[in-house]
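As written, the chain order gives the labels A, B, C, D, E and F, with residue 1 at the start of each chain.
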């Protein structure tokens, strides 16, 4: 029943707070209001985003781990939390040419973590926008 | 890092309250009691069902969305909440020829939403029956 | 820093499922609909009620406990769960002369547990009706 | 066991999203940074605030309710959600002469709801700022 | 809309408490400290593990169920809870030749339940180690 | 509506993992087994304890805070987390003359934080032992 060598998944949750305003330059003012409702308010608003990161891999025979959580924390801190936490998404270079919807925020985070973690480690990223809304990007859709 | 065109998932949670009684006409009284235990009590009982709906699709290049949540809410309201919330599942036409177990309730909801959302949008439906029990139907099992 | 003899509180959560219909014989049909909305539907509906019981008392010097959880579980089972779980509140004698609102259900549970636990043990009872609604009765309001 | 006339409590949870920047004109730039850390970032950030409102009162003998939830929802919508949801707290008149910390936001909400609900109804207001931080104002501290 | 015969999933959550110490005989003392940090403390520490079990199968045409929860509870009790709950993982035979990381604990549980449930029933096992960490093993990785 | 000077409460949640064995030298082996059940197992077991600390005080007119969360975190780290996290409660001096029940653990934490925070700041401490059990100590019971 020694599980070394078989594949398992390790998931970890993080939190970040940020503000955003949903507004697309490709749309008229009316179309923006219709598409985004209250999220189009000119002064922006904010969320506590819950971030769930799932990595997969073989269980290491010596350490019994898929990945050390200290290493995952360092990558997520450097790539995501230091850049976006307590900031305004609209001002980040990643959102100069796309609206900072949570779909797009999720895709940006997926791209940053995939590159930093290396080939085949990142399984999915989930971003919880509110208690009742979440967005996901998965490996198989790349 | 513009994510437009790639696929992402949008999940949303709803709540509904309903009563049901588990009783199969195909089983004897004893077999009903054995299969359903307390859920076979003649007067019915109730649950707050948590409903999670996951839709998938390309991120729209203009709006940055997979699907507008206002549109999803309207579909779920019309197809599911107006029909089942604060009602008795046993009296609904969907349960005239099958027991209103949460497995079957989940399948009925999956079918209603799949039709209303159109080809390929609905990824999965999860129905939480209690804090510790849930049921799922997924696209790939259709 | 030996805490024996000082007072502490022990809280425990239980779950029960039941159906109810809100309808007051003291009100007209219209007034019933106005007061209870969807909860007045004739066929009843149901909830998973979350029940939180808080007991207080001196920490026993030998066992280091306020109350053994096995004892509390037995009392709650006998007084509340066996009577109401998977049942229809409207059919219980406690609701022959009062509407089974969750306010009243909370009061009924408080009274049953207060008697069974003995003088001064029960601090409060909280009944969670949905994710976003709860009701409480407390010792000081007796 | 008729509970009519005795006191009970009714609690209800709401959610709102807003952005704020913590900065006190009474403090130097350095003191602001020391007091508020990342919350002093010039571009603001945001939160999903969880709001819990607890009202107390006698259980009405006819309706079996402390307060109709439809009425509480209307008051909270008018006084709090329409004013602050999806907005920037720093721009609201309530925060022209005080920093929009969550302590102060909680106090402002308590004052608005107390006035609107009338004498003696509002027991406490809790504002959840993140999964791990919350703030409360209670009736007895008025 | 009769769903009998189509496939659905049934998930159920369990809780167990156990202590473990992370220490690999294949590593030096320094390497153990580096790999496991506080989890390498000689006296062990503990967790409330949340266990989520997902089983899949056709919905039975008579009972409307994927699997009776009473049967699943019995299997999980016999295979997992009676063996590990309120115990010390390091002393269990399953961890004589591998470190009791939660990755390995998850694999052990997956293997035990897969055997007891029979071919093709077990879809995945998730073990929640803390509020923010979880581990999963899935059928497709077998 | 400036709230400066009025009293408010600030609550914050922490997590720690520890193992304990419930065994009282004042009781026979049989009485220990009867009182503590599985918690009396000789090898100990563990929990993720959730710790909620509530402090009260006037809202500072300049900072708009009851207490800076950085200061509260430092006190809780120094007094509680560094001492008990990832340890064995039975080996701590605080539990040489009393059983490490969660009632007693809660009392010990209350005493440590009350001293460190200074007169009148600490309102209550809540320790969550499992999803369904919690213990509290409050200021008024001192």
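Everything that follows uses one rule, which is that contacts are C-beta pairs under 8 Å (C-beta built on N, C-alpha and C of every residue); 3 or more make two chains touch, one makes a residue touch a chain.
Given the structure is predicted, the values throughout are model-derived calculations rather than measurements.
Contacts with chain B and chain F are shared by C, E.
Steps from chain A to chain C, taking the shortest chain of touch contacts, total 2. Seen from the C-alpha centroid of chain B, the farthest chain centroid is that of F. One of B-C, C-F or E-F repeats the interface of C-D: more than half of the contact pairs, counted by residue number, are shared by C-F.
When you average the Cα atoms of each chain and compare centres, the chain farthest from chain D turns out to be E.
Centroid to centroid, with C-alpha atoms defining each point, chain A and chain E lie 27 Å apart.
Each chain gets a centre from the mean of its Cα atoms; for chain C and chain E, those two points are 34 Å apart.
The multi-chain contact residues of chain E, meaning those touching 2 or more other chains, are 131. Contact between chains, per the stated criterion, is found for A-B, A-D, A-E, B-C, B-E, C-D, C-F, D-F, E-F.
Within the complex formed with chain A, the chain B residues making contact are 1-4, 6-14, 54, 59, 61-66, 68-70. Taken in their complex, chain B has these residues touching chain C: 15, 17-20, 38-39, 41, 43-48, 50, 85-88, 91, 130-131.
The touching residues of chain F, when paired with chain C in their complex, are 22, 24, 26-27, 35, 37, 94, 97-101, 103-104, 106-108, 111, 131-138, 141-142.
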